[in-house]
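Each chain gets a letter, A, B, C and D, in the order it is written, and its residues are counted from 1.
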Amino acid sequence: MTLKPSLAVDLGFLQLKNPIMPASGCYGFGKEYAQYYDLNKLGAIVVKATTPHERLGNSVPRIAETPAGMLNAIGLQNPGVEVVLEKELPWLKQYDTPVIVNIAGSTLEEYIEVAEKLNQAENVAALEVNISCPNVKAGGLAFGTDCVMAEKVIREVKNISRYPIIAKLSPNVTDIVSISQSVEQAGADAVSLINTLLGMAIDVHRQKPVLANVMGGLSGPAVKPVALRMVWQVSSAVKIPVIGIGGITTGNDVVEFLLAGASAVQIGTANFVDPYACINILQELEEFLSTKSITDIQELIGKAK
Amino acid sequence: MKHSVEVKSHKTIGQDLYEMIVIAPKLAQTAHPGQFVHIRVIDSLDPLLRRPISICDVDKKRGSVRFIYRAGGKGTKILSKSKEMTKIDLLGPLGRGTFPTENQAKRNMLLIGGGIGVPPLLYAAKELAKQGASITAILGFANHQVVILEDEFRELGDVIVTTVDGSYGKQGFVTEYITKEPDLYLACGPKPMLQAIKNHELLQTANGYLSLEEHMACGIGACMGCVTKISISDENSEWKYRKVCDCGPVFPAERVVF
Amino acid sequence: MTLKPSLAVDLGFLQLKNPIMPASGCYGFGKEYAQYYDLNKLGAIVVKATTPHERLGNSVPRIAETPAGMLNAIGLQNPGVEVVLEKELPWLKQYDTPVIVNIAGSTLEEYIEVAEKLNQAENVAALEVNISCPNVKAGGLAFGTDCVMAEKVIREVKNISRYPIIAKLSPNVTDIVSISQSVEQAGADAVSLINTLLGMAIDVHRQKPVLANVMGGLSGPAVKPVALRMVWQVSSAVKIPVIGIGGITTGNDVVEFLLAGASAVQIGTANFVDPYACINILQELEEFLSTKSITDIQELIGKAK
Amino acid sequence: MKHSVEVKSHKTIGQDLYEMIVIAPKLAQTAHPGQFVHIRVIDSLDPLLRRPISICDVDKKRGSVRFIYRAGGKGTKILSKSKEMTKIDLLGPLGRGTFPTENQAKRNMLLIGGGIGVPPLLYAAKELAKQGASITAILGFANHQVVILEDEFRELGDVIVTTVDGSYGKQGFVTEYITKEPDLYLACGPKPMLQAIKNHELLQTANGYLSLEEHMACGIGACMGCVTKISISDENSEWKYRKVCDCGPVFPAERVVF
C-alpha cells in the first residue's frame, strides 16, 4: 500500500491543506454549506463579492439555464463591507480554513475603500480583486478588459491593503496573457481565472431575454475548455501562482487544471448542482492520486506542458 | 438534507401533469406545508440545474412524500420519465417561509390555488383540517384537462373549481369567486394571480400568505439568484431583495412587493 | 387553418428560401450530406474554408469532446482553391441552393489570391471571409481580433471580388462591436458570427493535451449563450445583416438568434450529432411559426430588443 | 443509413466489456467486414458526439447485428446502460475501406487482434471461413478478465490467445507468436501493435490490412477530424491525410504511415 497522498499546495503567500476552494458568489459566506459538511475540509473559502456599500443587485430573473451551464446576473447583491466585517467574517472565525474576501467596486475609489476597511478584519487570508464582473454597469469588467486599468486598480489595492492580492481575471478579452502580465507587474501575488463569459439566453415564448438584465455571466462545465486554455496560457506567462476556475465538477477536472499550470482551483456552479460538490471533488482527487501512485499533488502542476 | 429516494409510484394525472410519490421517511417527518425540494432530474451535465418542486403531501406513517408537477420544459420532462423503483436525488425540505398551519383551529381559512400552484396547498389544507379549521378552497385551472386534486380538497372543506375557458366548474378567474373575508388566506399560483389576490377588496384586512416562484440555482440560499422584493416595514414602500428559496417560498402577503 | 408560414429571408444581396445554412467546415462540400437529403432544401450552403494552396492540416487527434460541446483543430485542411474550382463547385451546380465559399489565408496576399481565383467560378453567391480561424499559426485569428487588420483584409477582398462579402468574426475578442463596425466600414455586405472560442482539454491519463495542436476551437451548444450575446450586440451596432452561428441544434435555438437580431443562421456541430440536423431544425422552425401563428419569419428578426 | 434500432440483447461479457445485439435488417444486409456504426448513446447534449463502434458480426437471416465494446469513458458507460427493447440511434454501415473477404478461398489468412480490436475480425473471419480460407487467429489481451470471442474463433480455425500478464494463454504480445508468413493478414488493435505488425519481419511481403481508430466527430467524411497519414505512392515517403471514417477504417498496411 502506498502512503496517503499529500494534497497540500503552497501558493507562496498562503499554504493550503488542499487545492479546493469554493468560488466567490457561489458559496455565500459559507453558512449554507456548513449545514452539509465541515468547512474545515476546504483548502480555503472565497466569499461573495463585497462592495463599500450595500448593493441591491439586479431584477429577476437572475438565473437562466444553458447547455451544460448557466447564466447569472446577480449584480453583486451584498450587504456592504461593514456588515461583512461585523457579521459574516466573525462567524467564519470558528473555522481554521483561510478566508479569501472577493472585493468589487464601480470605481477605483470603491475598490480602495473596501480594501482599506477590510484591513480591520481579523481573519482574512487574502483579497481577491474582482476586476471581471460582467453584471454591473460601469463595473469591474471595464477594469478587467483593459491592461492599463487592470494594472492601476491592482497596484492601488496592493498599496493600501495589508493582505496578499489575487487578481481575478475576466475571460472576455482578446489577450488574457497581457492582462495577466499587467497585474503581475502591478504587484498581484496571484491571479485567479476565469470569471464568467458574457452571454445571454432568449425565451422564445415571451420573445424577450430570459434575464431581466438581458446579459449575464456564463459559468459551469460549458466554459471549462476556455478556462483551461486561459490557465495554460497565463501560467506560462507569469511567475505568480495561478488559481484555476471554470466548470470544475469532478476530481478529473481539477487534475486537468493542475496539469495546465494551476496551483489551486475554485469550484463555482458545481456547488449548486450538488451541495457536496467540493467534498466529492476532493475525494475523487485523492482517489486519482492514489490510483496513479502520486504522493504529492504538487507534482501535477504544469506537468502537461 | 440531501436524500437519494426511491420512486414508489409515478403516473400522469392530467395533461402534462404527473404525480410522483417517493419513499423518504426523514423528509416526511420534517417537512412543513409550503416547503419544497430541489430535484436533480438526471445525473448529467445537461440539464445542469436542479428543479424546485413543492411538497404536495406527506404520509408520515408510510414515510412517503408526494409531488405533483407539470412536465413543461426540458428538466421536468426528463423527470417524468423516471421509473418506479429507481432513485432520485433531492435536497429538502427547503424554505424557512412556510404556510402557518399551527394554532388555526376554528378559524375560517381560504385557500386559493392556480394551476400547478394547487398542490402545495393540499398539505396545508390537511394540517389545517386536522385542527378543525374551516376550509374553503378556490382552485383555478386553465381548462378541464388540467384540473387536479378536486376530490381531495372536497374531503377537507368547501371547494370552488374555476376554469379560464369554462370547460369545467365555474368560468373565470379565482378572484371572481372570493365572496367573503376569511380569517386567513393562503395562495399559490402565477404572479398575476397572486397580485390580484393581494389587491382583492375582500382581502385587505385578512392575514394572507403567498407562495412565490423564482428561477433558482442553489435552492439553499447561497447564490442570491432567486430573490423577490419584500417590504421591510409596514409604513413605507421601502423593500429589500429576499431569497425565495431561503426566506420563502411563502411570505406574508402584505410584505410582497409586486 | 393558417397559411403555411413564409420562411424566406432577404439578406439584401441574397434572397434565401429559408434562414438555415450549414456552417463552414461542418459540411465539407455538401457531398456527404447529399446522401441523407436533398440539398435544395437548404437556404444556402457554406463550404469548407478554401486557401490558395492545398493545406495538409494539423496532426491528430483533431477532435475532443467537451461538456455540451467539442474542440476541433483541423488546421484548415483543404485541397486548395484550384481543386475547389475544378471539382467541388461544379458538383454543386446540380443544386439551385446558393453556395457561399468560405476563404482563409495566412497573409493578406493569400486572402486576395483565393478571392481573385474564385472570380472565375460560376456558382458562387457570396464569399465568407474567415478572419477568425483559431487553428492556424499566423492565421486568420490575428486578422479577426484586431480592428485595423480586419478592416484591411475585408476592404482588399471586397475590392478584388465580384461577390458580396460576408465577414466571419471571431468571438475571442474584448469588443466584438468595434470589430463588426470596422468590417462594415470596410464594405462587408454582412457579418457572420461566431467562429469558435479558443479552448483546450487535457487527458488526465496521458497527462497531455487531448488535441495534438494543444488548443482548438470550441463549438456546439456550450457556446450558444456567448454567440447569442454577440449577435445581439452586433446587430444593434451595424446596419448590414447579421448571420448567427454557434451551438444551434433546435428550431427554438434558431428563433433565439432571429429574436436577437440575426437575419439567417448557420448550423455547425449539430450536423455531426445528427446528419439530418438542418432538416429537422427547419421543420421545428416551421412548426414553431405555425403554433405561434406567425406568417412571415422575418417578423421575428430583432424582435426581442 | 440512419437507423433507430431495437436492442435485442445487451450483456456484460468480461471486465467492462459488453455485447449488444440490435435488430437492424438493413444494416445486416449491407454491412461489410471492417465497417462500423456511429452511435448516439443518449438523446442529450452531454455527451454530445456519437461513438464509433465496429460491426462484430451480422446475422443476415435474423436481421441482427452484434457489437462488442468496452465501457471505458462517459459515452460508452451510458451506452452500456441501454436496456433490451429500447431504441438506439445509429448511422451505418460506415467506412469504404473494409477487410477484403472476397475471392480468398484456399488462402492462408492470419488475423491479429488486440483487445477491443478483436471483435471486428470475427465478421471477417466468418466470411473468410465460408469461402474455405484457412484461418489462423492470434488474439492478444491485457489479462484473463478481458479475453473475448476465443471459442467463436476456434470454430473457424487455429487460435492463439496471448495475455500481457500471462494470466491466460501464452504470455506476451501477439507479434511474438507470428511464426510464418501468411498470404494475407488482417489486423485491428492499438496503434503500437499495428505498427509492430506492419514492421514484423515475417510480414514484409504478405498483403496486409490494418483497421485504424481515430477521434471522430461526423463519422461520415464531412469534418476532416479523423485523418491518418496514408502514403500516396509505393516509391517514396510522401503521404496525405485520409479520413479514417470515410476512406477507412481499414487501409492496406503498406500505405499506413505511422
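The definition used in the following text is that contacts are C-beta pairs under 8 Å (C-beta built on N, C-alpha and C of every residue); 3 or more make two chains touch, one makes a residue touch a chain.
These figures come from a predicted structure and were not determined experimentally.
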**Request:** List every chain that touches both chain A and chain D.
**Result:** B, C
**Message:** Taking the mean of the C-alpha atoms as each chain's centre, how many Å separate chain A from chain B?
**Reply:** 36
**Prompt:** What is the distance in Å between the mean C-alpha positions of chain A and chain C?
**Reply:** 34
**Asked** What is the distance, in whole Å, between the centres of chain B and chain D, each centre taken as the mean of its C-alpha atoms?
**Response** 56
**Message:** Touching at least two other chains at once: which residues of chain D meet that condition?
**Reply:** 45-46
**Prompt:** Which residues does chain A have that touch at least 2 chains other than itself?
**Reply:** 67-69, 220-221
**Asked** Quick one: do these chains touch in a line, a ring, a star, all-to-all (complete), or other?
**Response** complete
**Fill in**
Within their complex, chain B touches chain A through residues 1-2, 40, 45-50, 75, 89, 91, 214-228, 240-241, 246
**Interface residues, chain A side, partner chain C - complex** = 66-69, 71, 145-146, 172-175, 197-202, 204, 207-209, 214-215, 218, 220-226, 228-229, 232, 247, 252, 255-256, 259-260, 288, 300, 303-304
**Prompt:** Residues of chain B touching chain D in their complex?
**Reply:** 44-46
**Message:** Going by the contact rule set out above, which residues of chain A touch chain D in the complex?
**Reply:** 67-68, 221
**Prompt:** Which of the residues in chain C end up touching chain D in this complex?
**Reply:** 25-28, 31-33, 35-36, 48, 56-57, 60-65, 67-70, 72, 74, 77, 220-221, 249, 269, 271-276
